[in-house]
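As structure tokens, here come the structures.
Consider the two complexes below, in which subunit A is the common component and subunit B and subunit C are the respective partners.
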Partner chain A sequence: MNERVRRWIEAVSLLDRRFIFVAIAVAVVAPLLVPIGLPLRTSREAQALYDRVESLPERAVVVLGFDYDPSSMPELAPMTRAILDHLFRKNLRVIALTNYAQTGPIAERQLVEIAARFGRRPGVDFVNLGYKAGNETVILAVANDFRSAYPVDHRGIPTDSLPVMAGVHTWKDASLLIDIAHGATTDQYVRIAGARFGLPVGAGCTAVSIPRYYSYLQSGQLVGLLGGLQGAAEYERFIRKPGFASAGMDAQSMAHLAILILVAAGNAAFFLSRRR
Partner chain B sequence: MPHAGVWVAGLLTLVIFSFLYRDNPVYRTIEHVYVGISAGYYIAVMWHNVLVPNLLMPLLQDGHWVLVVPAALSLLLFTRFLPRGGWLARWPIAIYVGVYAAINLQQYVQGDILPQAQATIVPLKTFGNVVIVAGTLTTLSYFFFSREHRGALGVSARIGIWFLMISFGAAFGTTVMSRMSLVIARAYFVIHEWLGPALAAMR
Partner chain C sequence: MKKELPIILCVVSGWIVLLDFFIPKPVIGTLSRAIVDWTLILSAASFVMGGMSVFAVNLARVRRRDSGARYRVVVLVCLAGMAGLGILGGIGEGTAYNWIFQNVQVPMESTMFSLLAFFIASAAFRAFRMRNAQATVLLLTAAVVMLGNVPLGGAIWSGLPSLSSWLLGHPSLAAQRGLIVGAAVGATATALRLIVGVERGYLGLRQ
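Up next, the complex of A and B:
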């Protein structure tokens, strides 16, 4: 082994971790300052979710689960906004709910802002049912009646008095459920609303959860899936409204490239040092 | 010019990132502030969104006195902190576990185990289907501990380990992707919502 290789192995082995932080910082910040416009491949599962929404007739009921908190908003808020944009543009009725105590106001803000762009009105075109403690027990309660599970909406208005709830009593009266979640609530919807009551379920999840939900996709228990920032960017592309997710994908790709180079260099140094 | 909230968020972001260089007192102070604010906020949210609408209002306003039972059971959970009588906390935990198991037993069989098993019964006509069937069987064989992993079972278990390793690798890769998204969101905020508008306003 020549001297140059030996010195390179030593340099990689003793690399200060702060060098890695700087490399990642440059890979993330540079594309945000000067967008590269790398191509974005759309996935079958994201396309399937978009197509499912696209196929719904006007005024069909879509239940949207806001099952995340601020810690996952960078990944899940962009896809929520893109989906809401699509739902309101198609004039579908949106019933929002959450299994997280702190998420009611987050859902309300996004619903009101995006609904206003299309002139959709609260109580008529959408409702935020807010938070109800109980997870599975609430999902089961809705199977009996939405109104008994949620007597009032997030604003305290009786659910029964809302025009958007006309004819909507159980899961069977909805056409689609999309759960945007960073936890296990999608599993609960799949097991109860999907498997037991036959409601088609789609999902948006953090990238961490993607492998877990592929099994539900393969079994047909999920009709579509958006995964992480890429899933959000794909949906932004479908609706032709690039936002934060699209802007972030260049940075995502460059950061992954930097990590790949660092992993490859580390492994190369390790195996070369073993040969020595 | 960004408002004061954006300035506070931007400066706190930089303080948190300063840990990447080295641990420092300012970082530790802000870390404690974050934990304190989060805990306080969560308690307030739980009070207003759980205890008031589900317990206090129905109990005190509507007279649903049966709710005294779950309230008492909830209070029993805190007996763990007492020097004596900590065993009382086992009662609400036992009821909770029992109810949860009863609710979920059927859901898991009907909504998870059967559809997932059914999805592996596929014709071996495509490469993807072969991978699904082989992956399921060999991975299950790895978790079969009633016989020593030798011979055919050993080979199958070894292949199962490879499937497990690939799935762990995929999980790790997507975890990196997820964490990067958080970094990107913070960088985007600093550049496009804080420093960018601030510099533009100063010009």
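Up next, the complex of A and C:
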């Protein structure tokens, strides 16, 4: 083994982690500044969710779970915005709720901003029921009545007085539930709202959670699934409104490539050093 | 009664909610709904107890001048400050509470989580080695799924996204389903132990 190879193995083995941090930062930032425009493939599960929303009649009720906190916002907010855009464009009634204590204000801001683009009004076209402590028990309580679980909405307005809630009492009165989640809430909705009350459930999740939800997809317990930023980019493509997720796909591609190159270099150095 | 009463409450509540699933009688439905409503109230009340506990524990440590006391002061000031702002001024749009939440907490939490990408990259570089056959399979699978789930994968080879979907939809699905079924059986067993009064760990008691 010549001296150059030996030095290369040493350099890779002792690579300063700050170099790795810089490499990842460059891989993420450069495509955001100079987009590559890699072609986006759409998945069946994302298409299925879009088609399900598309098939709903005007003024049908869609329950949207904002089940993530600020830590997962960069990954999950883009798909939430794309779905909201679609729901409001189709003039569907949106009932938003969350099982996370911090997320009521996050949901409110996104709802108000996107509803305003389509002239949809709070209380009439959408409502943010906000947070209610209890997790699975809250889902069970809604099975009895939305009003007993949520007597008032996030703004403190009595739920019973809101036109958007007219005729909506339990899960059975909704046409679709979409849970955007980074935790286990989708499982709970599938178990109670889906399995027990027959409400079709769709989901959006972080990329790391995708394998977990394939089980529910294959069994038909989820009608569609958006996974991570890729799922959000696919939905943006369906609604023909490229946004943050579409722009971020180049960055994610380059970040994945950078990690794989680093791992490959590490393994090459590992094998060469063993041979030596 | 200090031990028996919580167990009786748990057993009776558990059976009523369980029976409500199978027996559509109004009296059971009414009792079940009441129990669910009480649970919601108790869940909300537990937040108050949790907040008081955090405050009391940190205050005691600050008084004793334990290590990291200055950080505990920050916790206490933030806890009291945000609670005060929320209680006095509300939490809706346009309030000070909401402004701090949207402009301080949301970006800070997002940033903290995003930093994980850098540490994961560093850890993957150092730890992901093809030391044996299993590690090699793991690494190759990870590479296929990582590339297959981003547009770059399709640009490199058009079959990569399909291969990634196959990995997620077959081998991974089988393992995930096994885990889910296993966890469900475990949860059922634990629930049965709770509603027959055998499981007492939640009370801090021995079985």
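As a working rule, the second predicted complex is superposed on the first by the 274 of 276 C-alpha atoms of A that agree within 3 Å, B and C clash if a C-alpha of one lies under 4 Å from a C-alpha of the other, contacts with A are read in each partner's own complex, and residues count from 1 in each chain.
We take it that a residue touches a chain if its C-beta (ideal position, glycine included) is under 8 Å from a C-beta of that chain, and two chains touch if they have at least 3 such contacts.
What you see is a predicted model; the values in this text were computed from it and never measured.
Q: Using the superposition on chain A described above, determine whether A:A133 touches subunit B (first), subunit C (second), both, or neither.
A: In the superposition, A:A133 contacts both subunit B and subunit C.
Q: Have a look and say if subunit B or subunit C is in touch with more residues of subunit A.
A: Residues of subunit A touched, subunit B against subunit C: more for C.
Q: One more residue to check, A:S161. First (subunit B), second (subunit C), both or neither?
A: neither
Q: In the superposed arrangement, which partner chain does A:S55 touch: subunit B (first), subunit C (second), both, or neither?
A: neither
Q: Check the residue A:P39 against both partner chains and state whether it touches subunit B (first), subunit C (second), both, or neither.
A: Only subunit C is touched by A:P39; subunit B is not.
Q: Of the partners subunit B and subunit C, which touch A:I210 in the superposed model: first, second, both, neither?
A: Once the two structures are laid over each other on A, A:I210 reaches both partners.
Q: So which bits of subunit A does subunit B touch that subunit C touches too?
A: Overlap of subunit B and subunit C footprints on subunit A: residues 21, 24-25, 28, 73-74, 101-102, 104, 133, 137, 140, 196, 207, 210-211, 215, 218, 227-228, 230, 252, 255-256, 259.
Q: Quick one: which bits of subunit B touch subunit A in the complex? Just the residue numbers, please.
A: My answer: residues 20-21, 41-42, 45-46, 49-50, 54, 100, 103-104, 107-108, 110-112, 115-116, 118-119, 132, 167, 170-171, 174-178, 180-188, 191-192.
Q: Which subunit A residues qualify as touching subunit C in the complex?
A: Answer in residue numbers: 15, 17, 20-21, 23-25, 28, 38-41, 43, 69-74, 101-102, 104-106, 108-109, 112, 132-135, 137-138, 140-141, 144, 148-149, 154-156, 196, 207, 210-212, 214-215, 218, 227-228, 230, 249-250, 252-260, 262-263, 265-267, 270-271.
Q: Which positions of subunit A touch subunit B when the two form their complex?
A: Its residues touching subunit B are 18, 21, 24-25, 28-29, 32-33, 73-75, 101-102, 104, 130-131, 133, 136-137, 140, 187-188, 190-192, 194-196, 206-211, 215, 218-221, 227-230, 244, 247-248, 251-252, 255-256, 259.
Q: Flag every residue of subunit C that touches subunit A in the complex, lowest number first.
A: 17, 21, 33, 36-37, 39-40, 43-44, 46-47, 91-93, 98, 101-102, 105-110, 112-114, 117-118, 120-122, 124-126, 128-130, 139, 143, 146-147, 149-155, 161, 165, 168-169, 172-173, 176-177, 180
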